[in-house]
Amino acid sequence: MKKAAPAAHANLDGVASTSMPPMVRYLDEDGELLVDEQPMSDEMALEGYRVMLRGRRFDERSVSLQRQGRMVTLAPGIGQEAATVGAAMAVDAKTDWFVPQYREVAGQLWHGYPLRLAFLWHVGHPIAFQVPGELKMLPFQAAIAGQLPQAVGLAWGLKLKGDPGVVLAIFGDGGTSQGDFHEAANLAGVMKAPIIFLCQNNGWAISTSVAQQTASETLAQKAVAYGFPGIQCDGNDLFAVYATVLEAARRAREGKGPTLVEAVTYRLGLHTTADDPSRYEPREMHDLWVNRDPLRRMQLHFKARGVVDQAGLDRIEDEVKEDLRIAWEDAQKEPAPDPAYYFGQVHADQSQRLKRQMTRFDKGDRA
Amino acid sequence: MKKAAPAAHANLDGVASTSMPPMVRYLDEDGELLVDEQPMSDEMALEGYRVMLRGRRFDERSVSLQRQGRMVTLAPGIGQEAATVGAAMAVDAKTDWFVPQYREVAGQLWHGYPLRLAFLWHVGHPIAFQVPGELKMLPFQAAIAGQLPQAVGLAWGLKLKGDPGVVLAIFGDGGTSQGDFHEAANLAGVMKAPIIFLCQNNGWAISTSVAQQTASETLAQKAVAYGFPGIQCDGNDLFAVYATVLEAARRAREGKGPTLVEAVTYRLGLHTTADDPSRYEPREMHDLWVNRDPLRRMQLHFKARGVVDQAGLDRIEDEVKEDLRIAWEDAQKEPAPDPAYYFGQVHADQSQRLKRQMTRFDKGDRA
Amino acid sequence: MPELTVVEAVNQALTLEMARDERVIVFGEDVGLSGGVFRATDGLYGKHGAARVIDTPLSESVIAGAAIGLALAGWVPVAEIQFLGFAHNGFNQVVDQLARVRYRSAGRFSAQVTIRAPYGGGVRAPELHSDAFEAHFAHAPGLKVVAPSTPYDTKGLLLASIRDPDPVLFLEPLRGYRQVKGEVPDGDYEVEIGKARIAREGTDVTLVAWSGAVQVALQAAEDARGQGISVEVIDLRTLVPLDAATLAASVTKTGRAVVLQEAPLTAGFGAEVVATVQEEAFFSLQAPIRRVASPDVPYPVQMLEEQYLPNPERVLEAIVATTRE
Amino acid sequence: MPELTVVEAVNQALTLEMARDERVIVFGEDVGLSGGVFRATDGLYGKHGAARVIDTPLSESVIAGAAIGLALAGWVPVAEIQFLGFAHNGFNQVVDQLARVRYRSAGRFSAQVTIRAPYGGGVRAPELHSDAFEAHFAHAPGLKVVAPSTPYDTKGLLLASIRDPDPVLFLEPLRGYRQVKGEVPDGDYEVEIGKARIAREGTDVTLVAWSGAVQVALQAAEDARGQGISVEVIDLRTLVPLDAATLAASVTKTGRAVVLQEAPLTAGFGAEVVATVQEEAFFSLQAPIRRVASPDVPYPVQMLEEQYLPNPERVLEAIVATTRE
């Protein structure tokens, strides 16, 4: 409040809400490079594509198994594979944490989550939540944005420890309306926590459009409220997501704090297998996005660039099919969960009271 | 995502968070007009000053009564009178609602809340919460930002009814960190609710500075997240607050939706009578703001402009003292609350279960 | 009379009341064009449009909080929380704000608000979508908590709740949504809030249940009959205010009671039922009141659901055991 | 041994543990430079600085939620919620997230987190600063709830809570903060979580209380002695897990019980105590277990506080009445 400051009359109609940078893009819808350089090698791009495809086929397979009554209600990530895999590729699974909501399986596969467990998740087996070994990943989160306060605490804690790790936290457009998103982002800004808030704007929160969700033009601009950068990237462009998250991760590692990345994508499938989009989704909107399919885009890119031909793509298809077959086979071999064991995971030590309640579940094999 | 859009490489360090309009100011710290026109008549300004003074003296009196053990812990608004009175003057008590937190007494007095009840609030009498007659005001709110979702619902409801009223909702800098602030502001943006979010940035949330509260440069810019304008005004400048809120109210009435107004002020007194600022408040910070006292500023302005001389100011002092004396006298005449009556205000109809519990309180005078 | 499911009964009550009272406004996540994730609000958007049937942002706290303000503006809000578990995200607005509008203002203001939420397990939904969290809301003075189990009671109690001048949390049994069918009159009728229902008459043991668990209780009662035990099943229908009189009358007759609670045991609403029954009918009791509940364990994933939830076998065990004491 | 108040005992435990274990990190609203609104964290900031003693934004949900993440990163978080009532603003993070870290991950992760919160009325503070909301958190599997009443137990139980590998909600009696004094050893000691304490031995009636209400119970017991009634006072100290054995032993001896609960009656934690006692000791009971509680009314403003809260007179009434049955 310098004394010199000029007086201004209040006229708010003119107040420009914000000046955002343009959306980050590398590939156009037909897979043509819009810049001279792609941000990763062709080999890496192919690996990314393979995992995107694995995610896509996993979701398709799961939906059909669910339709046969062999799986629980599930939320496919069809159409969003570039967003989650591109982000996962930009962090380091050895040092960095992946904090999912529930529609990120493709990205989780890249980070190291086994396909077998992904299938077991969809059959309702608790072992899918027991993130294996040293994998730096939190379990799936049923509460929208419920993972964000934890993710910020984790990032803050890593920073305090001098640990090089950063946290990649993923959530949806609907998640931005939750108080927990706000409180988490604000604390992250204050603590300059090494975290990337990756918002998958897939157009919908079940049947609620983004326009009904918020009046802000972009979700990226919500970062303005927290004093750190927010930016949009083409969420169906593997290169754009990768480059943007890579930059956000660099900032986090350099102690520059959080970044909000809005990956603009689209839910080509159902909200969940219990959902019927025909009740609310404009057909033409869907068709528009079918042409923006991130897999198609990479295929066109590879072919145009001569990275791989149709035969090569077909080979990858076959290999992915085989991966799925094996994983689903293994998943079915998983023994049914023992309630005595799982219900025993409430505390490190069981109280007398709980022990007594447990006798009913205890097969006596661990008296 | 037009196909023509240019590709951009991600470089976030440059991302300008926002472009905010300058802070609205009319008077400098010595009461000199920084613009040709003041936004209200001298008469109105004097009336505003009188209510600001009433608020100031009320707080001072209350603190001293509290020190004598005659009042409960209370939160004085000393130093913030221009912010709350200026805002109240910009809305119409006949049509518009005033939704307080707990540090807005001066503004509430302008809106029509009786001084007598304000005293009764500080002695812990429930009648202070029974907003009298037709007064469009919600009771004091103990939960930070707890009033905001309600205020938004009220504004939205008025709009749906075609009612001309707008809602003035007041909260503090700390309130902006609550999930309820976020969810309320976001819904207000979506519904284009006729509401003014007046944030009194008084520098502190108890002992927590604004810099510890959030990383955003201003609190006003948090509006960017919700798609409506946010603007700072000099919260110790009655004219600036009045003009800014008046403009926000105009927008609200014209169906243009919410505005976030950050009134930059300072808590010259204690957080509450239980607080000891010497533990955390830098002395020089306090002194800096003493010179920005909103009352002093108006006094200098009136004298320079010849609106009123020292004798006139003294007369107003005396009149305000007399107002306080009478109000406090009346307050002390208030009979002690009857538990049977107040405990009976839980539901319109009492259940058998509650009736039974009530017999203990019932003096039988309403069997 | 036509046979409806519970969710159809909800829809019929909403349809009827929106037509009858223009002040009624329905909002929540996905209640509009899509008609709600369980179709509870199906057709309302088409009839009344976006002004009275509103899809809100994904924000439970402001859904509950805004309902207060809408009521102050003269509307009669019926807000949907998509699953009760997510009312935890607005717990402060429900328990600290909504429930206290009348009391805080010493009667100046009130909130004729209904918050509807499906809840309870057994439908292979994930945690938080399935947890029976009613106890958290039963300990909130100012808030009535209604939890019917049948289509008939659902329609009549929902109409009574919407018309109640004070806030009501209306809990809908997810398990009964499509599984439980029953006759429901087309017209307008109310079921009184605060009155339990004798779901089955009996003489040996009183079995108390509510919401989705009532079906389990009825099955157990039927199984007990096979063992020569006559069980009286009480469907509470309303949790707050609790109908102590009906409980006392039944236990005074039977002398024995089992309380079936779907939620984990400790500090669940069943404890209140036990405490009240022994206060009201202690000297008729011939055996301790037994509780059948889920273990003190969070809601499990689908493969463990069946072992977790109280089933008729466990209830029957308790019934038999109490008659042996 | 030095005499300390409850809040001094809290401070001593925090001071000791922060020095002993570098992983301990203290954060919350105003816990830093100012030392907390009740000075519970006084001196910690000076000793350990801004890295381990952190003032957070005014955000209860992320205070509770961030504690989980900090624990995952290897810290031992001790978070303060300034008043328990405001834990409602982060209810989902406490009940749905913090309590479930170990269970949700089937043991892969755990959260050695302590959330401290002063609570309870009688100190002329406003609503939500005074409400006794413990019952809401007692029905949250995975969360331990500790609620001591004396300085000795406060220090010993807080040390045990911070060291417990699982999340503990540590409730501190606002009323006892400065009023209750007692001898507290300087050194390191733990009081076991899950064990109640016989605060006063007696033979005729068992009186159960916890936290701030224990003082009221002791006064009532003393008054009862004047009327020739010997009252055994049990201070629960831990609500979850509940020490059923100690309750059962006492009631088996006395045959009569009164449960004192500061919170409003319905669905309060006292109901769980009643339900458990009658399950464990029914055949020793000679009279119904009586509950003394606040009415089913929200917390009032200061002038009505005294009439609202259970006082020794009301407890005595119940004690006398139960002996007459």
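Each chain gets a letter, A, B, C and D, in the order it is written, and its residues are counted from 1.
Operating definition for what follows: a residue touches a chain if its C-beta (ideal position, glycine included) is under 8 Å from a C-beta of that chain, and two chains touch if they have at least 3 such contacts.
Predicted model, so just to flag it, every value in this text is computed and none were measured.
Taking the CA centroid of subunit C as reference, the farthest chain centroid is that of B. The chain pair sharing the most C-beta contacts is A-B.
Note: centroid distance subunit A to subunit C, computed from Cα atoms, is 35 Å. Per-chain Cα centroids separate subunit A from subunit B by 41 Å.
Separating the centre of subunit C from that of subunit D, both taken as means of CA atoms, is a distance of 30 Å. Residue positions of subunit B touching 2 or more other chains, listed in rising order: 126, 129, 143, 177-180, 183, 186, 190, 212-214, 342, 346, 353-354. Residues of subunit C found to touch two or more other chains are 56-57, 59, 61, 85-86, 89, 92, 96, 103-104, 127-128, 141-142, 242, 266, 295-298. Across the complex, subunit B is touched by residues 1, 3, 5-26, 28-29, 34-35, 177-183, 186, 189-190, 192, 212-217, 221-231, 233-234, 240, 243-244, 246-248, 251, 256-257, 259, 264, 292 of subunit A.
Interface residues of subunit D, counted against subunit A in their complex, comprise 25, 51, 56-57, 59, 61-62, 64-75, 77, 92-93, 96-97, 102-110, 141-142, 144, 165-166, 194, 241-242, 244-245. On subunit C, the positions that touch subunit A within their shared complex are 29-30, 32-35, 37, 55-59, 61, 85-86, 89, 124-129, 265-266, 295-298, 300-305, 307-308, 314.
Residue ranges of subunit D in contact with subunit C, taken from their complex: 85-86, 88-89, 91-92, 95-96, 99-100, 103-104, 127-128, 133, 135-136, 138-139, 141-142, 240, 242, 263-264, 266-272, 274-275, 278-279, 282-283, 285, 287-291, 295-298. For subunit A in complex with subunit D, the residues that touch the partner chain are 126-127, 129-132, 138-139, 143, 146, 148-158, 160-161, 163, 179-180, 183-184, 186-187, 190, 342, 345-349, 351-354.
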